[in-house]
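Every chain is named by a letter (A, B, C, D, E and F) in the order it is written, and numbering of its residues begins at 1.
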Amino acid sequence: MDAGSVTWVMVSAALVIFMTPGLALFYGGMVRAKNALNMLLMNFYCLGIVPLVWVVIGYTLATSGTSPVIGNFDFFGLKGIIVGQDGGEQLLFVFFWAAFAAITPALIAGAVADRIKFVAWVIFIPLWSVLVFSPIWYWIYGKNAAGELIGWLGERGSLDFAGGTVIHVNAGIAALAAVLVLGKRRGWPGEAMPPHSLPLVLAGAGILWFGWFGFNAGSAGAANAQAVQAFMNTFLAAAAAMLGWLIVEKIRDNHATTLGAASGIVAGLVAITPAAGYVGGMAGMAIGFIAGVICAFAVSAKFKFGFDDSLDVVGIHFVGGLTGSLLIGLFADPSGFGELGTFDAGLFFGGGWGLLGEQALANLAAMVWSFVLTFAILKVLDAFIGIRVSEDEEKQGLDTTLHIETAYNFGELSSSGRSV
Amino acid sequence: MKLVTAIIKPFKLDDVKDALKEAGVVGMTVQEVQGFGRQGGHTETYRGAEYKVDFVPKVKLEAVVEDGDAERVADVIADSARTDKIGDGKVWITDVLRIVRIRTGEVNEDAI
Amino acid sequence: MDAGSVTWVMVSAALVIFMTPGLALFYGGMVRAKNALNMLLMNFYCLGIVPLVWVVIGYTLATSGTSPVIGNFDFFGLKGIIVGQDGGEQLLFVFFWAAFAAITPALIAGAVADRIKFVAWVIFIPLWSVLVFSPIWYWIYGKNAAGELIGWLGERGSLDFAGGTVIHVNAGIAALAAVLVLGKRRGWPGEAMPPHSLPLVLAGAGILWFGWFGFNAGSAGAANAQAVQAFMNTFLAAAAAMLGWLIVEKIRDNHATTLGAASGIVAGLVAITPAAGYVGGMAGMAIGFIAGVICAFAVSAKFKFGFDDSLDVVGIHFVGGLTGSLLIGLFADPSGFGELGTFDAGLFFGGGWGLLGEQALANLAAMVWSFVLTFAILKVLDAFIGIRVSEDEEKQGLDTTLHIETAYNFGELSSSGRSV
Amino acid sequence: MDAGSVTWVMVSAALVIFMTPGLALFYGGMVRAKNALNMLLMNFYCLGIVPLVWVVIGYTLATSGTSPVIGNFDFFGLKGIIVGQDGGEQLLFVFFWAAFAAITPALIAGAVADRIKFVAWVIFIPLWSVLVFSPIWYWIYGKNAAGELIGWLGERGSLDFAGGTVIHVNAGIAALAAVLVLGKRRGWPGEAMPPHSLPLVLAGAGILWFGWFGFNAGSAGAANAQAVQAFMNTFLAAAAAMLGWLIVEKIRDNHATTLGAASGIVAGLVAITPAAGYVGGMAGMAIGFIAGVICAFAVSAKFKFGFDDSLDVVGIHFVGGLTGSLLIGLFADPSGFGELGTFDAGLFFGGGWGLLGEQALANLAAMVWSFVLTFAILKVLDAFIGIRVSEDEEKQGLDTTLHIETAYNFGELSSSGRSV
Amino acid sequence: MKLVTAIIKPFKLDDVKDALKEAGVVGMTVQEVQGFGRQGGHTETYRGAEYKVDFVPKVKLEAVVEDGDAERVADVIADSARTDKIGDGKVWITDVLRIVRIRTGEVNEDAI
Amino acid sequence: MKLVTAIIKPFKLDDVKDALKEAGVVGMTVQEVQGFGRQGGHTETYRGAEYKVDFVPKVKLEAVVEDGDAERVADVIADSARTDKIGDGKVWITDVLRIVRIRTGEVNEDAI
């Protein structure tokens, strides 16, 4: 692997790692001030535990072996991965993908905000990473030693450039399962629960967009033409989705909002994730715009169906990811990628309905596995330790009750107090 | 006129406001305050160092009402703010000598 | 193009894209809390609309063809730009430059803060990008198919490494035109309008400095010696300008301020932008220091002349950009760049007055075009839809009136309210 | 040098430069609101003055010549460093290391927070950089023209991959000296001085972690196997340290905190800094975890010994850096690095006690020099200009008294005031 | 002595303060409060979900003055705070039994 | 009952609170306010433009006490809040007609 591509993947890994703090700010700004730290900590915790779980067991389960459904223990605890032997090529992808593994369950934090016990979250995350994330990753990206796709979905020709199905649809449907187990926040939906700091949300959105270039263009695995195209698409899709969302708001609510812009950006980024390296720039723009419009409506579904997905993980990550993933079936265009264009074409580019079918199948499979397992894990946890905080804790806020801290101490009064 | 002042739990504000509206109180002024009382505060820990915070967030509500309404309004507030847990707060009544509505210059009963 | 350079330009593009959110925080922290979201949204909106406009029409107008003044429609809608054919080389610069196109009009937001109608901004930005940005870009950077400079200014030997004239002088003088059309904020200059969050301003300044390494060193277009020199200069100029500004404050006001440090950084970055790849390190330091000192005084001019440039876009971007651009005429030193030193030398390095004259001409041309067009666009917009918010909206703040949101909801009271 | 590696070092430099703003937010959020700007400015100032001092005098003292203890003036003011001659290779490291030089004294700001005169800080920083930083750097990293280590510690085989001794132990012990000269804050330790914005602290921690990939993996000086390993270790150590710290908190205090997570991350990053390119992934994880646990206890030492190290620079940077540096003596494993494994092995990998001894010696030498010089510089400064603010300034806060600014102006009241 | 309390629009504070200074009032205390009244609140929208915020930002101003000055001071406030639009606020007067200047221990008229 | 209201310097709050506890006052309510008085404000400078900020951060403390305790409590506050520097603030006493403890419905002396 040339030094330029090694650099690109290292930079991309750093960018993807930076996304989890970005997500923490994005989500943290959206909750009420009394729960802001809990949200930040739920996200940061994922960046603490998941890389460890990944290098010990998750990576080997997600990548090694010859089965169509799950890896083996060949790389257990980084066994046999020696940078002095392969110039670091394998380890490079161990940590690049570890960053993906970390942010995926962190996405779920947005759904369970304001009411999940921190200890339940602490246990849930590593379990989910091993039982849900690694298998689905394997189904789509699993390769044998010769580099051929052998996961049962990937082998059929399903496309998922940077994790639309594996990450966003997966986390989004898990979020739905989680809120069904957990129940609504007290007061929802009657009571106003406005974001406590939209500047924090926007800062987070900016970091997410920045990091997403590593997420998508880095997923080319080299500084090549596909990376360049994925970069362009990531830029255009987010931009177009922002506009799509703002247009819906302007027409429907008569006002374009800042939270709408931030939400649109994320929706577009989610939607382009599976498609980034398979479509041309104008298609990337279209995918983003469509996702921006659809997600702007999808976030209202929770009021209709009555599930309290606090920060719209379902409406944005599940719906946006599914939208992008299915649109590959229409827009995939290998002709623009020269020798890298080894994937199937979508309907609009002469490929027929086949790819769309594969995309539907892959997402369906991921949804079923993720929903069922997530539901089961949380039900079991609930039975053993209880996953929901007490009424008093919820009312007073999780920061002072679970973490005995407060997010902000601006005034003179807040410094009042004595050490004990 | 009388000024009814109440110190209540923040999350009860919406209930109290609705009860007051129903009781015919059309204006009031509220603000965030910090209370010290039997309820006690909480501790916070930063890098292992523990601090005692004695004050608890409360909301202060003030409404100027006609003389004859004061006790009733105080009772409405007390009833709607009650949770039966320590720290529910107080309501007190003081005398107002004169009140003016700034916009119109109306005074006393007309200004409330 | 080697993978290392592809990586460098991709990274640089991501960095420049990250600058617009950085600018949003920088500006957003400087306005009053009641207008913070409007400022954030004006900036983010540029990152939404301009890339789309750029790939559809702006890029082709700015780069294609054979005329000395404007491009043609050869690349309309990315037509014929296929990554599979050139390894992505052309598309790489489409998005790298799209990031520049996006932040340029965003700079103007600082001048019109607190009083422009959002809908006017929404229409103004794409118009400005096509009518003002693309032509000036073409004049300086336009090349023919053989790679020779053919824009009428570039062809004469004007130097503008990363956009001192094309971006900062251009946006800075447009800002002046905009505030002349728009008028002063109510209460200005008598009423205090202090920054609502200086930590946000500093966070933004940090992001801007970080991103500016991509802006300037990325403009070398490759990971070469010129990129390295541009990087060093970007570092030193910002540092020296920070000190220059702080020294002025200490002497004049008796106190060095945080906002002064942040402002100095940006002034230095602006000034080194045109010069970064043409001068040595000590010259870079000098340019930064000079710009820091000059801009620290220039921001007071608005009080003398009575134009309400809210966040000093004129005093920093116009004055700083012009300073740096003219100083190229003194400091340009091709001798240090080996075979990349194909540009003219400045006065201090044996080049005579010629280069300084060219720099003056280029800036003058950009100023005239930008001022006149900006003034005209806004006058027309004002006639048709009105560009200024009502007195009540201005007093209450644009966040609750235009976007029906509030930036911060810290306290318990702010969650009070019911869904309707 | 190949373009891929040039790109990697440029990116790494940008990342390390970004760390100082990150540190500013991290520290700035931790102090009380009335001193937030002073803290931000102390950090940003380092990024202003130190690069200038470094290119003028610090770099040449730290790198040139043939002495075992200090460089000469060969590169004074960048003399003879011409990018056109070596493709920029030397200048690349001038600025990469300038970023390290800048953040090192900035770390000390955390210890002297809330009470040092800004003018004293302004003078202290360049003195410290030249008198303390450059010599210690030379001892460990100084090379002759042939590229052989000639600093008296480096030549003996001391290992310090990215600055555990040179940066963290050095700054950490200087912090101790500084608070001994400066004395405690009024009210400490009886009075509560809680962080005024933990979201800001977490944002800073995220930026620090992100930037630290450039710090550590960039210190390989190329996009090679060692860089890849250093990257992995930086990821795992920070993650494991976060968990280590949280576990201590949960057991000792019964609550895991957000500030604990942020602190653990930094402790792990500090500890892995010296070791990043010398150990395998599992050792990196172990080093991080150990440092997280040790530092979680170490931050309480100040209460026992009565020195007011405001933000725990000693407990985290000194203790963490020393921990990591000594653990190299156990975990260094050249066998995994192929031809890059030219360093000694640690005790656990067949290298005996020798390396541990060298590590102890190097840290001891750095500690003595740094402590004595820092103490002396500040004592002299104190005698001449006084280094501590007045009681009134300390009570009212440094922002309004030293910088005549306030960090936050959220409410309507704060805009009240008139220009004079 | 009397305590004059006013609820006013925030952006009128500077005008009121200047008017009071001119009228010889040398001390006052202000704070940000939230008002409920005829003026009504506003709606906010987050991701399409609309909320009604009933409270409006106001400023509360308190000044202890000599008995004879109270009505005049109330009028000065009312006049300088008036915008003739709904929500201009109220001024009311209550009785103060005793006031002490902490610094000197002076009481009543001397302490104002 | 009487309401004792004090405007004090923020950093004296802990001292005052401790003194009041010692003096047997078991409940109080505090909030951050901005004061205008002899102490004067300060100037701030942003990009060379200077502004005068007239208001100074203060803390307002309110405690309802029994009639006989009011003067003593006021003195305790004044003594513990005194720094002898300008801007130490005021303490004043007003009359309370009735007070209710929300939790229990107890009134007057029992409710304090």
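Couple of notes before you dig in:
Following the convention adopted for this analysis, contacts are C-beta pairs under 8 Å (C-beta built on N, C-alpha and C of every residue); 3 or more make two chains touch, one makes a residue touch a chain.
Since the structure is predicted, the reported quantities are computational estimates derived from the model, not experimental observations.
Separation of chain D from chain E in touch steps, taking the shortest path, is 1. Contact with chain C and chain F alike is made by A, B, D, E. Under half of the residue numbers at the chain C-chain D interface are used by both copies of the sequence. By residue number, over half of the contacts seen at D-E repeat in one listed pair from A-F, C-F or C-E, namely A-F. Averaging C-alpha coordinates per chain places the centre of chain B 17 Å away from that of chain F. For the pair chain A and chain B, the distance between C-alpha centroids works out to 45 Å. Centres computed as Cα averages put chain A at a distance of 51 Å from chain E. Listed for chain D are residues 2-5, 7, 11, 189, 191-192, 194-195, 197, 203, 207, 253, 255, 257, 259, 404-406, 408, 410-411, 413, 416-419, each touching two or more other chains. Those residues of chain B in touch with two or more other chains are numbered 11, 14, 17, 30-32, 34, 44-46, 49-55, 94-95. Taken together, the touching pairs cover every possible pairing of the chains. On the chain D side of its complex with chain E, the touching residues are 411-413, 416-418. If you check the complex, the residues on chain E that touch chain F are 1, 3, 17, 26-31, 64, 94-103, 105, 111. Of all residues in chain C, those touching chain E in their complex are 191, 395, 400, 404-406, 413-414, 416-420. Interface of chain F with chain A (complex): residues 10-11, 13-14, 17, 30-32, 57, 59. Every residue of chain C that touches chain A in the complex is listed here, in rising order: 2-7, 10-11, 13-14, 17-18, 20-22, 24-25, 28-29, 36-37, 40-41, 44-45, 47-52, 55, 77-78, 81-88, 91-92, 94-95, 98-99, 118, 197, 200, 203, 207, 399, 402-411, 414-419.
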